[in-house]
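This is the structure, below, for whatever I ask next.
Letters A, B and C mark the chains in the order given here, with residues in each chain numbered from 1 onward.
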Amino acid sequence: MLKAKGLTKRYNGTVALDSLDLEIGPGEVFCLLGANGAGKTTTINLFLNFVEPTSGTATINGLDVTQHPIETKKSVAYIPEQVMLYRNLTGIENLEYFSALAGHTYPSLALLGFLDQAGLDQDAAARRMAVYSKGMRQKVGIAIAIAKKAGALLLDEPTSGLDPKASNEFSELLKKLSASGVAVLMATHDLFRAKETGTRVGIMKHGQLVAAHETKDLGHQDLERIYLEHMRD
Amino acid sequence: MFGRILKHEWVVLRRETTPWVLTALLAALVGYALFSAARWVAFQESAIDAVFEEESGRLERLRTELQEIEAGSRQPSRNADPGNPEAAGSRLAIRSAVHPPSPLAVLAVGQSDLYPYYLKVSTGSRETILAATEIENPDRLLTGRFDLAFVIVYLYPLFVIALGYNLISGERENGTFSLVASQPVPLRRVVAAKVALRLLLSLGLILALSLTGMALAGVEIATPDSAVRLLLWFAVVSAYGLFWFALAALVDLRSRSSAASAVVLSGAWLLLTVVVPSSVQLAVSAYYPVPSRVEMIQATRRASAAAATASSQLLARYYEDHPELVSDIGEADLEDFTMLAFARREDIERQVRPMVDEYESQLGRQQTLVDRLRFLSPAIVTQAALEDLVGRGHRSHRRFLAAVDGFHRQWRGFFAERTFRKERLTADAYSGIPRFAFAAEPLVESAGAVAPGLGMLIGLAALMGIFGLRGAGRRPFEQGGGEEVG
Amino acid sequence: MKTIRVIAIKEVREIFRDGRFRAASATVLVLLLAAFAAGWKHQADVDAQHRAAQMETREQWVSQGEKNPHSAAHYGVYAFLPRNMLSMVDTGVYPYTGVAVWLEAHRQNGLLHRPAQDGTTIQRFGQLTAATVLQLLIPLMIILLAFGAYAGERERGTLTQLFSLGIDRRKLAVGKALGVSTALAMLLVPAAFAGVAALMSTSGSGELAGNTARILAMAAAYLLYFGVFVALSIGISAWTSSSRSALLILLSFWIANGLVAPRLVSEVAATVWPTPSSVEFNAALDADLADRTEMDAELERVREELLAAHGVSDLSELPVNFLGLSFQAGEDHANAVFDEHWNGLFDTFERQNGLQKKLSFVAPVLAIRSLSMALAGADFSHHRDFVDAAEGYRRDLQRRLNAEIESHPVAPGETYLADAELWEAIPTFEYRAPGVGWVLRNHVWSLVVLGVWFGVSILACSTAARRVRPV
């Protein structure tokens, strides 16, 4: 589903990502861990074709993202760390617009359904973004991703700023999505959440994927120990 | 898809305050521009009416006077005899050549406040006739009028810039951009939809405001000619708007922030509407300096002095130039003062002619250079096109002057013939005195004059559009803010 | 003082390391120098032409040969509008007033040949002059230099650093203003030197010395004008929440000030004090000129008195030539009419300009514009002063010629002929423009407006700087 092969990105000599090889199949949730600047966001940006790889390829469903920028985006949904939306539009209007851009036309009942799935109540959906809290915006972002019905999901620290309850609901949702065959790549700082929702975890350092483990093989302490070991220089 | 984006943009735009403020501002500016231009047109029309009224009254009085003289009930006055062709042609019966405002004149004051729109044509010298001016406060001439052409050439681009400087950088700064960019839609389609909506809205606004204003000012689109001119007028405005939107999109797609694109766009505006035109003006007058009119005044004076001392040769020379008048003239007439007046005037003109020619050819060279350099600035092209389409510019004035020139020759011929034949003007002959009729430029010619500029505006807009949008499809984060690089 | 200097030096360093500033200032400098050069060349040419023509017209007058003085009166002389050397900085209304006036018998003429009328299609965009650069381009540069003064630092997060050092906020503002002004000075000082050098080379040092006060006043006025923009830009930058909104507010002000206000105010002035059409003006003038009943009655009374005083029955027996008296009576009658109509017209123009001056508190450019034109000797008041002087000369000329006729009685059928002796006895027309004191008295309001704008912007700037929030 999501595949990186020798994926490398350099900015004026500094290496942001160093020949990453990665494959995430349907139903898998791959969690990328690492310090700030380790290359997590760069990986996601490369899959979105937001930046051009220096070498290597990123493919979605077997299509190179640089060759097929539009087709590949049809099959991938994205939730940024900070979901920012049109301030003067309501939650439902924002969802409708982004769904339209993705090529879907939903009746408003369906749109409300997506927002409900994402955990946003109906009253809030009819209010303008300007009055939304960060958590509420994040939920609209999640609804946009659900509504896209994409085979792959790219998440850049999606739960940052969510309260523990909402965060928990999101994990449940993610499990449901992956159970339905969605491939998920999630960058996160949250070791606990990674262990909880991920099927695999990878640890990045200086642009390199230095370790990758199946979560079912690890206990809670194991992950923290491995992580801290890698963070030491 | 395009339609969905348009609709979304419309909702977003509608819910912001800025577009409404801008709309209200534009409405006020267009309204005031049309109002003040309509006042100017009314002023010109009433002045022209006064000219005609005075003229027909005067000619009617002269004719009555002449009838009385012919009937023997009145003695002709010695120096104001309406039957004397020289007196009639040089002073008593003179007529004005009028350049009336066109039906669409409210759309542009143009240069009509600077150029005379009625000239009193007599047998006198061409230069004296052309030197007439309308009275105006020089300060006001310097400042220029607040007309619709001004609003469009100078202020409309600013309106466009205000709507377009943050097309994409705004989304970037609001953070919505990454979500848009992650959708399977080419960015150029989003940009094109944004531009299209704003272009349509702003043009629709100008069109609606102009038409309302024109209706209120009592302008009637009575002829197909006017209708086509109006259409062309709006075509030029649309092309100019398109140019600025294309520039705004091009700049904004390539700039780091909305503030940076505002800086670049306002710089471009200043360059294209103020700096380039005034520098072209500077270059043209430095490259082809026009001899001073002071020289001309002096040359005319020298020629008059010379002419006064050589009366009889002058008349002989005049006959060489006008053999048709020789036939039945006797020797004694050589002393005739009135004939001498004609001969002297032509002699002075002959002597000054090289200077006038030099003057006019230098102005011609200037205009040729301007015509070439005008493509440096869409503002020049647009200003000229907007003026030319409604007959308020340099082009129409040149046409008027050429017509006046012809009329002046005809006028002189009419009175010279009668003077030299020693023929008194009769009351009947008064109705045969030449009249001036100004034929406005045919639509085809005006359209032809406007076409290259229109083509240039559309071409430039298309070029920038293609160039700008081609770049837009690719990775917008790369040259952009570099945000979210982790 | 040290803090201020440190801040100013840092600002200047930052400005100079910005490639955009270097490009923009190079452009502005080139434009300013080009405008100076062209203005200088044009000024030199026109000045030479007008001097030569003024000498030639005198020469023609003196050598016109034997003539009756009234023929000479009809022949007349021309007065050519001299241009102040400072018009190379600001051409003002020169292109729109005409270059010469014919001073003939019986009639006060208007000035002939507006140079702008002999233009091309782009005439109305105006010619680039130093004044355009100073009034429009430099303020824009100031805005671009200063809009990020606070807002930019806040966005980069350096403002918190600065404030955590416990810096005096007033000193920070002064330092920033000083930095922008220094950067600007590096552009303007060389340009000013070039300008003065050009002025020195065009004319004698005498003319330059005579204009020193005007030059200094002009420089002071422009500095005040720039000061308004520096203070306003820094103030707005401190007051707004982002550099983007600072920029937008300042650009809107710049457009409203430089572009919209002049035309709008000019329209308003002409609506309040309408200009008559020349048909209307000339018809009224001609009607009054033709109404000679009072004058004829007066002339008749003088004739009777003269005949009675000398005890003769026919004019030809008088020891004076009555024709001279009659011509002069005609002149006197016409002069009163001209005074009424021309002064009425010029008063209308002055009222229009006066209203513009009064409204200049809405936009500082209106004040600097009229002040700059006036100091360059190129405003309507100077034009009117010249017209009045030329007309005064014409009337004096007519009076002298008519007196000459009056004092030379001739037999019926004969004409008195005067010669070069008389022509030479008539003084040459010499015009001296009024001094700088006259200009400043005319423009007290503009000065006050500029001063108030300056004071208010400084006040606004310091208030905003005191209240600035670091985040």
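Definition applied: a residue touches a chain if its C-beta (ideal position, glycine included) is under 8 Å from a C-beta of that chain, and two chains touch if they have at least 3 such contacts.
Keep in mind that this is a model prediction, so the values were computed, not measured.
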Starting from the Cα centroid of chain C, hunt down the chain whose centroid lies farthest away. A
Using the mean of all protein Cα atoms as the middle point, what chain has its own Cα mean nearest that point? B
Between chain B and chain C, the Cα-mean centres are separated in Å by 26
Just how far, in Å, is the C-alpha centre of chain C from the one of chain A? 69
Per the C-alpha centroid definition, the whole-Å distance linking chain A and chain B comes out as 62
Within their complex, chain C touches chain B through residues 20, 24, 31, 34-35, 38, 41-42, 45-46, 49-50, 53, 56-57, 60, 64, 78, 80, 92-93, 95-100, 110, 112-128, 132, 136-137, 140, 144, 147-148, 242-244, 247-248, 251, 255, 259-260, 262-264, 266-267, 269-271, 275-281, 283, 345, 348-349, 352-353, 356, 379-380, 383
In the complex, chain B residues that touch chain C: 29, 32, 36, 39, 43, 46-47, 50-51, 54, 110-111, 114-115, 118, 131-146, 150, 154-155, 158, 173, 257-259, 262-263, 266-267, 270, 274-275, 277-282, 284-286, 289-290, 292-298, 301-302, 305, 359, 363, 366-367, 370-371, 374, 379-380, 383-384, 387, 393-395
Parts of chain A lying in touch with chain B, wherever the complex brings them together: 11, 16, 36-42, 45, 48-52, 69-74, 76-78, 80-89, 93, 97-98, 100-103, 141, 144, 154, 156, 187
Contact residues on chain B for chain A in the complex? 1, 4-5, 8, 11-12, 15-16, 174-176, 178-186, 190, 473-478, 484-486
